[in-house]
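Both complexes below contain chain A, partnered by chain B and then by chain C.
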Partner chain A sequence: MSVKLSADQQYQLSYTGIGNDKRQARVMLLPAIFLLAIFVLLPLLVSVGVSFTDERLLSPNTANFVGLENYKRLLSLKHISVEARRDKSLIFNGQRYAKVRDILRNNSQLYGYSVLAEFEFNKKQQFLLARDPLFIRSVLNTFQFVVMVVPIQVGLALLLALALRRNFRGALVLKLMFFAPVVMSMVVVCVIWTLMLHQQEGLINQAILSIWPDYQEIDWLNDSNWALFAIACLSAWQGVGVQMLIIIAGLQGIPKMLYEAASIDGASKWAQFRFITLPGLKQTLVFVVLSTTIFAFSLFVQVDVMTQGGPQDATSTVLYFAIEKGFRQQQIAYGATVCILYFMMILMISMLQRKLLNYAK
Partner chain B sequence: MQVDEIAFFNRTTGFIPTSQQAANKLPEYQPDGSLRKLYMLSQNNVVMRPATPAYPVISSIFSQAVRRIAQGSDVNATLDRAVDEIELNILDNRGYQ
Partner chain C sequence: MQNNLDKTVKLIKTASLFALGVIFVLPILFVFFASFKNESQIFSDAGFFNMFNLFEGVGLKNYQTVLQTTPFTTYLLNSLIITSISVVLTTLINSMAAYALLRFPWASKQLLILGLLALLIVPFEAIVLPLVFIVTQLPWIEYQNESWQVVYSWFNSLHVQIIPELANPFFIFLFYQFFKSLPKDYEEAALLDGASIWQIFFKIVLPMSKPVLAAVLILTFLRSWNAYLLPVLVANAESVRPLMPGMQQFFHHSVDWGAVMAYASMITLPVFVVFIALHKYLISSIQAGMKQ
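Then we have the complex of A and B:
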């Protein structure tokens, strides 16, 4: 059923501002487009071009066109199965080798590959080889980080927002407290947390020990099982303030009368949360999840300051890998290739996520 | 570089001079200068870094390898890996010719 509106109301409803002042809108867009073109679009195009060459920083050699070689090196995977003898020697193609590395160096079709993973299957030692195992490891680490940090950060932000939505006495002080780490420099946060995560003297291990005396101190940043989790917790803690504020704003957009009607109908607090707050917050939560995911993919500072990709490559992320290769090892073309692949990956994930979550706007 | 150039460079930057003759031209580093001991110390103890254009790469890969070993990796496997990475880099740079 359509509702009849007066001409004045109809105008207000359909007014978008842009349609009527197209020329003014274009003029106002110019500076932003100019800056975007110079600082985003142009570097992107240049790095696409560079990724097809072997350009390097500070090299007297001129760059050569190498086609897709950089992409091949990043993504090549191979699988070999090797018979392992009891004296630990390995049989591959009828020849005996002492180490896997000898197999890789003495067979020309395997040259340049190194071991990504090994497992036993069918009574043979199976090796998954990659030309750049560290890149693949970094991609997996980054995904692992995203899977850890997004639920922690969004869940924590939702809890904080629900706790602080009413303006009780001291709510502002609490909001400021939770927002303070966002304003602080990430490097400072990382240095403080490095001290807090120290195995013997760190605040976190001391606090757990005082509650639970049998606890074996975890060396958070030097234990390959825990380092990424520790970084995820710190990142969630650092970024939670922004998400909290966005969710509080979303909560204020939910009409009060819905809660009044629900409580008159006798709905419990949980039912009110489940059937009013969550549906009312849907768009906000989708936006928060999307933006947290994109931020989480750009993990770099924490790794660079706290672990330098260590222990056993457990915290090496794609951006850390790109900087390490592109700048510290001066293979700028290779670094550019990593970034372009990564850009396409994030773009696809964001679009998929948007589709899955039915983001309307 | 000529002696005068080294002396000029060190006079401006304040770094320790890299040759005896240049040191003798600078008041602080002359045999009776106040910083002579510093010059003698570095002359006797400094180890030069390898003279190769691959130095930044080797340094980066080697420091990564040392860090991995310090955090418990197998020493031989880690050093093998570092060797492979450095060899690959030299190959990529056409032998730094």
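Then we have the complex of A and C:
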């Protein structure tokens, strides 16, 4: 750190001993510092403070301190298993198990919990319980989205970058074509894709039908198995240009000499890719994968415009959940708590990124 | 012979890349072509070649529908005001801060830089809810009923969509890195000649910084023009609503796909004009972003 500080001194102006100049410089610096303090730092502190209360947006009542209640409500998970009823006379309407609702009602320790998932294991009915199943569902959806979108987006970006790494005639036009969706508003992108994903007459299903006549049209956005995947595809389409450009810059940093030497030695194209390109791109790829991951965690607009969290909560994400609760249902303290958890997740990925980048060096 | 073969292979490669590129931008072309058709034509023309068939189109009728049935001009005006003020002030505030930070000795300089680096990681989405909470309690002076009055909320205004996003750690670092590459000799000579630091900044430094200015300009333009989350939360009134939330509203309440496509075309065209004009700086700023 101290080394960096002394290096910085070489960029400072000499002859500014006069107090007036520095006073003027302070005027230059202060607006940014002031605005960052009020609109970034203060919200951060407020959300930490508010997360320990039951504050509501636009409410005349003063907030109460509730300790860790918001965090507990979000993160509480429990597991119970219910044995099948032995007494056959009690089987009613084919129901072999006691109703879980009755169990929850009769057990004071399970107060406030509801069912997140159920399955049969070891001849018992197993229940995963959560106090806020929708939040857990949203977290899982968000992770699922990340797992889908990152490989699609980074893989496609890598292929495009490899194809466009040399400056042949037309390369710039191609780069601009692949980059064009990036500058579009996500709202517009969502509107276009809603039309293109239309079950009967959308371009996508029409195109698949023309190649594969037996295809049963999928109603992409209204099918809980496919909605998130459809959103991942359009998100990758919209954003891939950024990763492509970054990887191209990374590729151009690999010395040409290495490839020349390799081809003299008779190395195949694949060997060149495997032993020169990939190692040379390590740092770039770590950066691209992790920054795409961070970006994917902030999935909100697509869900808000296209599916509103549906069908059957299949596309509810952490941020969508936070805005729904914190803004539309006015439980700002609860929403802010979600945002803190989201921020901690981002912080961990950023720290991982720093670690890995240093390691890749 | 070998040379000819190489050339053919190269040509085929380029041609197939262009084919892929056309498929890639097909959704964008689709919007513009669909905006000249009525709904039944859009659906019946949902094929690769029919898509571009405009012979039976309805001309500008969809555009008229948008202008007549939505407050499009209000939204457009709001977006223009928000975007232009944001672009000018963002460029100014962040470049000034970066310059002062770089060229002057500050007692807590390292702390300031570390603080900025820390804020760089904070995603806007993580602070947007408390931000809503804060702007409901901030004071503002307004001209109402023929007198100036203090109002204690920024809700439903244009300035609430501008001010919170003006200062930006990433832009400060972008300027900081660029100013580092400038020779300070000119500035020191001007200082000796008695120029004020404002004159030096505006007449020497900024004119030498066109690439980074263009980059920040286009990034801010895209951010403000395409803004969605913040206006949805803090600007609900129609009179202050910008284009993108307007689009979402129209999309949810309209059943006329042709008109929706016309709306989408109108708000996308300016973006492409700016993009094509400044693509050089946009590309270099994204590649610079990685080195941060």
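Brief remarks follow.
Keep this in mind: the second predicted complex is superposed on the first by the 287 of 361 C-alpha atoms of A that agree within 3 Å, B and C clash if a C-alpha of one lies under 4 Å from a C-alpha of the other, contacts with A are read in each partner's own complex, and residues count from 1 in each chain.
Here is the rule we use: contacts are C-beta pairs under 8 Å (C-beta built on N, C-alpha and C of every residue); 3 or more make two chains touch, one makes a residue touch a chain.
No experiment lies behind these values; they were computed from the predicted model shown.
Shared-chain residue A:68: touches no atom of chain B or chain C. By the document's definition of touching, of the two partners only chain B reaches A:114; chain C does not.
By the touch criterion defined above, A:101 reaches chain B but does not reach chain C.
Contact with chain B, but none with chain C, is seen for A:330 once the two complexes are overlaid on the shared chain. Looking at the superposition, the partner that touches the larger set of chain A residues, chain B or chain C, turns out to be C. With both structures placed on the common chain, the touch criterion links A:40 to chain C but leaves chain B unconnected.
By the touch criterion stated above, A:249 is placed in contact with chain C alone, chain B being left untouched.
On chain A, the surface touched by chain B in one complex and the surface touched by chain C in the other have no residue in common. Chain B makes touch with chain A in their complex at residues 56-57, 60-61, 64, 67-68, 71-73, 80-81, 84, 88-89, 92-94.
The part of chain A that touches chain C in the complex is made up of residues 1, 4-5, 8-9, 11-16, 21-22, 24-26, 28-29, 31-36, 38-44, 46-47, 50, 55, 57-58, 163-164, 168-170, 173-181, 183-189, 191-196, 198, 201-203, 206-207, 210, 237, 242, 245-246, 248-250, 284, 287, 294, 298, 300-301, 304-305, 319, 322-323, 326-327, 332, 335-336, 339-340, 342-343, 346-347, 350. Residues of chain C that touch chain A in their complex: 10, 13-14, 17-18, 21-22, 24-28, 30-31, 34, 42-44, 46-48, 51, 93-94, 96-97, 99-106, 109-110, 112, 116, 119, 121-123, 125-134, 136, 163-167, 169, 172, 179-180, 184, 187-188, 191-192, 196-198, 201, 222, 225-226, 228-229, 232-233, 244-245, 247-248, 251, 257, 260-261, 264, 267-268, 271-272, 274-276, 279, 282-283, 286-287, 289-290. In the complex of the two chains, the chain A residues touching chain B come out as 54, 56, 59, 61, 101, 112, 114, 222, 308-313, 324, 328-331.
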